[in-house]
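Here it is, the structure, as C-alpha cells.
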Amino acid sequence: MAQEGIHDLGHSRLDTDREARTGDPEVVYGAGKTPEQVVEILAALHEAHPDRAVLATRVTEQAVDAVVAALSGAVVDTVAGAVTLGPLPTARGTVAVVSAGTSDAPVAAEAALTARVFGAGVQQVNDVGVSGLHRVMGVRDDLAAADCLVVVAGMEGALPSVVGGLTGVPLVAVPTSVGYGASFGGLAALLAMLNSCAPGVTVVNIDNGFGAGVFAARVARNARDRT
Amino acid sequence: MAQEGIHDLGHSRLDTDREARTGDPEVVYGAGKTPEQVVEILAALHEAHPDRAVLATRVTEQAVDAVVAALSGAVVDTVAGAVTLGPLPTARGTVAVVSAGTSDAPVAAEAALTARVFGAGVQQVNDVGVSGLHRVMGVRDDLAAADCLVVVAGMEGALPSVVGGLTGVPLVAVPTSVGYGASFGGLAALLAMLNSCAPGVTVVNIDNGFGAGVFAARVARNARDRT
Amino acid sequence: MAQEGIHDLGHSRLDTDREARTGDPEVVYGAGKTPEQVVEILAALHEAHPDRAVLATRVTEQAVDAVVAALSGAVVDTVAGAVTLGPLPTARGTVAVVSAGTSDAPVAAEAALTARVFGAGVQQVNDVGVSGLHRVMGVRDDLAAADCLVVVAGMEGALPSVVGGLTGVPLVAVPTSVGYGASFGGLAALLAMLNSCAPGVTVVNIDNGFGAGVFAARVARNARDRT
Amino acid sequence: MAQEGIHDLGHSRLDTDREARTGDPEVVYGAGKTPEQVVEILAALHEAHPDRAVLATRVTEQAVDAVVAALSGAVVDTVAGAVTLGPLPTARGTVAVVSAGTSDAPVAAEAALTARVFGAGVQQVNDVGVSGLHRVMGVRDDLAAADCLVVVAGMEGALPSVVGGLTGVPLVAVPTSVGYGASFGGLAALLAMLNSCAPGVTVVNIDNGFGAGVFAARVARNARDRT
Amino acid sequence: MAQEGIHDLGHSRLDTDREARTGDPEVVYGAGKTPEQVVEILAALHEAHPDRAVLATRVTEQAVDAVVAALSGAVVDTVAGAVTLGPLPTARGTVAVVSAGTSDAPVAAEAALTARVFGAGVQQVNDVGVSGLHRVMGVRDDLAAADCLVVVAGMEGALPSVVGGLTGVPLVAVPTSVGYGASFGGLAALLAMLNSCAPGVTVVNIDNGFGAGVFAARVARNARDRT
Amino acid sequence: MAQEGIHDLGHSRLDTDREARTGDPEVVYGAGKTPEQVVEILAALHEAHPDRAVLATRVTEQAVDAVVAALSGAVVDTVAGAVTLGPLPTARGTVAVVSAGTSDAPVAAEAALTARVFGAGVQQVNDVGVSGLHRVMGVRDDLAAADCLVVVAGMEGALPSVVGGLTGVPLVAVPTSVGYGASFGGLAALLAMLNSCAPGVTVVNIDNGFGAGVFAARVARNARDRT
Amino acid sequence: MAQEGIHDLGHSRLDTDREARTGDPEVVYGAGKTPEQVVEILAALHEAHPDRAVLATRVTEQAVDAVVAALSGAVVDTVAGAVTLGPLPTARGTVAVVSAGTSDAPVAAEAALTARVFGAGVQQVNDVGVSGLHRVMGVRDDLAAADCLVVVAGMEGALPSVVGGLTGVPLVAVPTSVGYGASFGGLAALLAMLNSCAPGVTVVNIDNGFGAGVFAARVARNARDRT
Amino acid sequence: MAQEGIHDLGHSRLDTDREARTGDPEVVYGAGKTPEQVVEILAALHEAHPDRAVLATRVTEQAVDAVVAALSGAVVDTVAGAVTLGPLPTARGTVAVVSAGTSDAPVAAEAALTARVFGAGVQQVNDVGVSGLHRVMGVRDDLAAADCLVVVAGMEGALPSVVGGLTGVPLVAVPTSVGYGASFGGLAALLAMLNSCAPGVTVVNIDNGFGAGVFAARVARNARDRT
C-alpha cells in the first residue's frame, strides 16, 4: 500500500503532504515514542524540509541525548522539553506569551518555541498572576502591541479573563495542570477559561502549549503590519 | 419524646436551643416548604425571639403572599427572595458584598440581608466583573475598609482572586450558577474559587448567599474597631 | 460612587470604556434579563455608539417583541436569536462559519452575525458533517480562502479535526449541545475538540457562537490582504 | 463443592464449559496475575483445548519469560503484549483493524491477534488518523471488502465516524487512552465514539482491543461469502 | 454550491449518496425538527428510495400527526415513537431484541423497527431482567439461534453480561436512561456494559435503539445461513 | 412463550415465583407506569398474594386516584407516595427509621412503610440533623433498642456517621436529593455515606427508601429476640 | 485534656469506650500508618481487650514483619493483608462471602476475616462471576442458608443483582477496583450495585471488605437460629 | 521590564508589594520547586522582611536539608512539611485547629503553623472524629473560646457540621485527601463540607491547610478581645 504523501517508517507513517495542505510540516510528538523513533522521525522530517526548522515536543531526557548524539545541529530547549533541527523561519508578526506562575514555565516555553518554529516573532512575559495585578498592568502596552496573545495559567485560570478585558488582541488561553486537590489536573483552570466573561477568549487542551503556539503563529504571521 | 430545646411543629422540630449554643436563632429555609409551613415556622421563631429579626430565605412568591397576609410587620426583600420579621439587630462591623454581574444580584442580596439579620453593617457593590478592571479598582478603598468581604461571581469565578490580591481582609467567595454549557451549573466558578491563587480565600456552596452572610457577619461583628 | 467609564443603569453598570480598551463596544447578553432591561441597555449602548451596530444575543421572543416595538431600526436574526441596532461596520477579511448538522444552525448563525457586527465578512457553510465527507471536501477551497474558520458541531464533534487537517487557516471550534445520552449536554463534543489531533484547533464554550464570532472577526479584520 | 464445567486451580476456577456454551474457550486475562498463575492457567486451558490456540492477554514481561520457559510452542506477540499456545484456527471471513496513530499500535495488535485466535482472517491498517484524510481514503476499498471493521483511536476519537460514513460494514470502535489533559485517560475518545453521527457504530471499553477482536471475529466468521 | 450526492432542502442537505456508499439510505432523526421539516425530509427520502422503507425516529406526537396527514402509506410505531414510509425490505437473518424491564420498551421497539427497516428479521423478548433469572434462561435457545443480539437494559445494566455468558452470538448492548438517583441518566448502565466480564459485548449510546438496530441488521443480513 | 413463574400482562411479566425464591412478593414501582397499569398490576399481585399486603411505590396522584377508585381496601400513604392492598404481616423485630430534616420525610416514609409491608415493626424519628446534636442524643436509647436502623439524610449526609458511632445496630444509610448546588442531586450525601468513618454503615441509592426498607425488614424479622 | 474513654498515644487517641457503645472494639486501619504505629496501637488494643481478637487491616509487608516480630500470637492473613491478635470470638450465625473473580480475592478475604473477628461464622465462595451462571447456580443452596451475604465484584458489578434475585437473605454488595478504562477505579461497579434491580441490596465503599464484614457479622450474630 | 513592587529572581518574580497591599508577605509554595529555588526565594523574602517570619510550605525532604544547610535560623516543622525563617509575630487572638483523624495531622499542622506565622495564637485538638462524639464534646468549651475555628477532616467530612452546630464561632472547613475508593481524592469530604447543614461553614481546597490558616489568622488577629 505505497501511498503518495506518506513516508512509511514502519512504526509511523509521516504525512509528507501536510505542508502542501496546511503550510507547515508535521511535528514529532515525543511522548510515548522511543529515543530511536524520535531520532528517526526527526531526521526524516528534516530531510523532507531541509530549509525550515522541524520540531519535536515532549521529548524525554533520554531522547534529547539520543537526538544530540545523532543529529548535529539539533537545538535543545530544556525548559520546553523540545528540540528543533534546521533554521527558524523569518519571523512575521508578534505573539506575546504570558504566564501566571513559575510552575507554568514549561508550557509557556513550549508555546513560545512552537510559535517561532511556525514563523512568528515571540515576546514572553512570565509570572504575572492576578493576585498581584500591578504585574500584568505593567506590561499592558506590550500586550496591546502583539498580533496574538497566548495566556498560560493553572490553578483558578483567571489570567485570561483579566488580560482579555484589557485589550482586544485575539487571545488563546492555555490551562495548565499546576495545582492540587480540586484543580483535578487542570480541569478547574480549563472550565474557568471556557467560561471567561471576557469576549473572544479561545482555549486549548490542558498543558497544550504546542497547540496554542501553532494557532497564534498562524494568526500573527498573517496579520497586517500595524506600524 | 418531648425534648428540651426543641419546639415540635409536627412537620418540623425547631432547634430553640440554637441561639444559646451559637448566638443566633434558627432560620427558615423556604425551598420545598409549603406557604403554610413557612408562615407557621416564621411565627414560632418570631415568638421565641421577639426582640430580634428572624429570617426566611428562598421563599416562593406564594409563600411571600401568605407571610405578608398572615404576619403583620413582615418585610420582604424581593431581589433576595427573602422575608424578615422583627427588628434588625444593631449593626457591628462592616461586611462588603461585591458581585461580578447583573445576574448575580439575587445571591448578593441574600448575602447582604443575611449579614444584616446576623448583626453586621453591610455595603454592597454590584457589577464589577474582572473584564473591566477599572470597576473593581475604583472601589478598592471601600473593600479595604471592611471587616469581611463576600465576593459573588458566576461564569469563570475570577473576581475573588483579583479582590483577594488587592487587600488582606478576610474574603468569602460565593460561586453562582450564572453561566451555561461548561459552567455546569456553577461548578466552573466553584472550582475556580477553591483553587484561587490569592491566599486566604474561603468558599461556600453554589448560590449560597445565606451561608456567606452568616459567616461574614460573625467575623465582622466580632472585629475590633478600626478607627 | 460615580465612576468614569461606567454608565450606571441601576440593574447594570455598562462598561462604556470597553471600546477604547478593546476596540469593540459591550454586547447585551440577553439570557436572564427582562425585556425591559434588554431594551434599555440596547438603547444606551446605541446612544454611546451611534455609528456602529450594537448587538444583543440570546434574546427571548418576548424581548424581541419589546425591542422591535421600542427601537426603530432594530434588526432581528431569528435563527441566531439575536438583535442588532445601527449600521454594520465595513467588512474586512473573511470568516468562514462551517456547521456539521441542521440542529447546529442557531449556534452557527450567532457566530456569523457576531463576526459581522465585529467587522468581518462572513461565508456560511451548513450541514457538512463527517459521516458524508464529500460534503466538506466539496467546499475545501472556500475554507482555504478564509482568514479564520469557525467550525460548529455537536454529537462527537469530529468536524474540526477533519477541517483542521485540510487547511492551515486558524480554526476556532464550537461544540454544541446537540445530542443525547452520553453527549452530556455537549461535553462529548467539547472534549473531542480539546483533544483534536489537528494542530492549532482552539475551542470555546458549548453553544458559544458569540465568543467564536468575536475571536474570528478580530483575527480576520487584522489579516493582511491575500490577493 | 466439585462442580461440573469448572476446573478448580485453587486461585481460579476455569469455566471449561464455556466453549460448549459460546463456541470459544476461556482466555487468560494476565493483568494482576503472577507469572506462575499465567503459566498454570494457560497450560490447563491448552490441555483442555489441545487442537486450538488458547490466548493470554496483558501479559507482563516477567510472565512472558515464564511462559516461554515453561511452555514450548508458546508464541509471543510483543506489540500486543499477548501469548498464544496451540495452532490458530482456520480463518473464516475478514476483520480489518484500522488505527489512527502510532501510539494506538498495542491496542490494535491485541484486537488483531484476538480476532485470529477466535477464527477470523485479519487485515491491519495503521496510522490513518483523520488529520490526513488521504491516508484513510487510500484504503477505502480494503475497508469495504471486510466483514467487520475494528477502528482504534485515542485523543478525539474521530476516526470511526469518518470510516463509518465511508462504508456500511459493521464497525466496532475502540477508544484508547492515548492523549493527555482533557482526554481523561480515554474518556474523550469514548464519549466521541458513543456519540458518533455515523449510524451503526458500536463501542467497547477504553483500550479493550480484546473485546473488539472477539466481537469482530464472531461477526466475520459467520458472514456469508462475498465472492 | 450545488453538489453531487446532496439534496439541499434549505434547512437540511440530504446525503443522497449514502445508500451507494453504505448500502442504506439516510434516516430522519426527528428530535429538534419541526413537524413540517420531518414531513418534507421523509417525503424527499421516500422519493429517492421509493422501493424501500425510509424511517423517521424520535418523532413527536405533533410530527406523527403531520406525517399521517400528509403522507399516505406512512406507518406509525407508537411504542418506538417512529414512522416508516414504503415497503420493508425482505428480511435476511435474525436479530433478537431482548429487554430487561417494562420501561425499556420504547428503546427496544426502536431497535426492532430499525433492524427490520435495515433488512433483518426480528424476534423480540421483553421483561427478562436478571433479578428473575428463570425468565432469561427460558428463552436461551431463542437467543442462541439468532445472528445478532440486541440487549436493552437500564438501572444496573447487568443483562448483557448474563446473556453474553450464555451464548457466543454477537451482542450489542443498549443502556437506557431508566432509573433514578445514582443512575445519572443511564450512566450507570452504560459503564456497566462497557465493563462487562462477558467477552465480545459492544455498546451504543444511552437510549440509542436506532444505532443498535442498524448495526445488528448489518450483521444479521450478512450472516451465513445456519440451517 | 408461556413460562412457569411468570404472569404475563402484556406490558409487564410478573415474577410470581419471587416469593418462593426470596420470601417476599414483587412490588409495583409506579414511576413511569400509567394509572391503568398500576391498577392492573396491583390487582394481579393482590390476587396472587391475598393474605399479605402488596405494595406500589412512587405512585402519582392520578394513579392514587385510579387505585382508590378501582380497588376497595387500598390504603394510601400520602407522605410516602405509596399504596398498599391487603393486610400487613405480623410485625417481627423493630426497624428504627431516622431522618435528618423535614424535607427528607417522603423518603423516610417510604422506608417505614416498606419495612412494615415486608414484615417488621417500625419506629420513626424525624428531624434530628447533626447541627443540633441534642436531638439525636435524646433518642439514643431508642436507636440502640432496634434490630436495624435506616438513617435518611440529604445535604452533607453526616447523620449516619454520628448514629453509627453511637450504637452497634446494623445501619442502612439512605442519601436523599435534598440540597442544591454542589449537592448534585444527592451525590454529596451518597459519597459521604460511602466514606463514613463509622464501621459497618451500608448505603442504598439516592432517595431509595424502598430498598432500605426491604433490607432492614429482612434483618429485623430474622433477628433473635432481645428481651 | 485527659478524657475518659480515650487512650492517648500521642499520634492517635484510641476510642476505648467504643466496645461499650457499639459492642465491638476499635480496629487499626493500617494504611498510612508506620509499622511502629501499627504495632503500638495493636498492642494497646490487645491490652484493652485481652479476651477477644483485635484486628489490623490494610497492613503493609513491613508492618506485618514488625507486628510478627513484636507481638507473639499475632496471626497474619496474607490474602486479606490483615493481622489479628487474640482469640476469635465464638461464631454465631453464618455470613456467606461470595466473589466474582480471582482478582477480587483480597477484598473477599478482608470481609471474611472481619466477619470472623466480629463474631460470625463464615463460608467463602470464590470466582462465581455472572458470565458463567452455572457457577453461582451451583452454590444457590449455600447462599440461601446464610444469615447475611457479602457479594464482592469488580468490572460491571452484576453479581449482586443475580444473587439478590435468587434469595431473600440480606445482601451487602462490595464493589472492587478490579477493571480498567471506563471502570474508573471501581466507579462502574459501585454505580451498578447502587442501581441494582434486585430489592434490598445495600452497598459499601469500593474495596471496603472491612465495612461489609462488620455489617454482615452484626446481622448474622443477631439472627435467630434457623434450624 | 524592571517594575516596582517586583523582585525578579529569573525563575520567579516576587511580589514585594504584597505586604503593603494585604498586610502579609508572600509565601513560598515549595511543591514543584527545586531545593535551590526554595532556598533562594526564602532568603530573598527573609531579607525583605527581616523582622517577621517568612514561610515555605510543601517542602520536600531534600529542600528541607538544603534550607537547613544554607539558612541558619531556619526552623523545620516536620509534620507540616514546612519551614520558617525569622521571628514569629506576636500572637493576637486564638485559632483552634481541630482534626478528625490521625492521618489528617499534616494538614492540621500546616494550618496551625500558618496561622502562627500570620499572627494568631493557635490551639490544636487532634483525632476527634464524629464516630466517637464524646471526644469532640469534651473540648466544646475550648472551641467556643476561640476567635476562629479550622476543622480538618477526610473521608465523609462530617466534623465541621457537628462542630458548626455546637458553637457560633466562624468556622473554616478543610477537606483532606484521606480516604480511598469513592472518596475520590478528597472530593467526598469537599462536597460534604460545601453542603453542610450548619450555617456559616466556609471551605477551602482539599488539603489546603495553608489557606485555612491564612484566613483564620486574619479573622482572629482582628477580633475584639473577649475577656
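Letters A, B, C, D, E, F, G and H name the chains as they come in the text, with residue numbers starting at 1 for each one.
Just so it is clear, a contact is a pair of C-beta atoms (placed from the backbone, for glycine too) under 8 Å apart; a residue touches a chain by one contact, two chains touch by 3 or more.
As the structure is a prediction and not an experimental result, all values here were calculated from the model.
Traced through touching neighbours, the fewest hops from chain B to chain E number 2.
The chain with its Cα centre farthest from the Cα centre of chain F is A. By residue number, the contact pairs of B-F overlap by more than half with those of exactly one pair in B-H, F-G or G-H, and this pair is G-H. For the pair chain E and chain F, the distance between mean C-alpha positions equals 36 Å.
Between chain E and chain H the centroid-to-centroid distance comes to 57 Å (mean Cα coordinates, whole Å).
For chain G, the set of residues touching two or more other chains reads 131-132, 165-166, 181-183, 187, 190, 194-195, 199, 205. Every pair of chains meeting the touch criterion is listed here: A-B, A-C, A-D, A-H, B-C, B-F, B-H, C-D, C-E, D-E, D-G, E-F, E-G, F-G, F-H, G-H.
Residues 100-101, 129-133, 155-158, 161-162, 164-166, 179, 181-184, 187-189, 191-199 of chain H are the ones touching chain F in the complex. The touching residues of chain C, when paired with chain E in their complex, are 102-103, 105, 125-128, 131-132, 134-135, 138-139, 142, 178, 180-183. Looking at the complex, you find that chain A touches chain D at residues 1, 3-6, 11-13, 15, 17-18, 31-33, 37, 175, 177, 185-187, 190, 205-208.
Residues of chain H touching chain B in their complex: 21-24, 27, 147-148, 165-172, 190, 194-195, 199-205, 210-212, 214-215, 218-219, 222-225.
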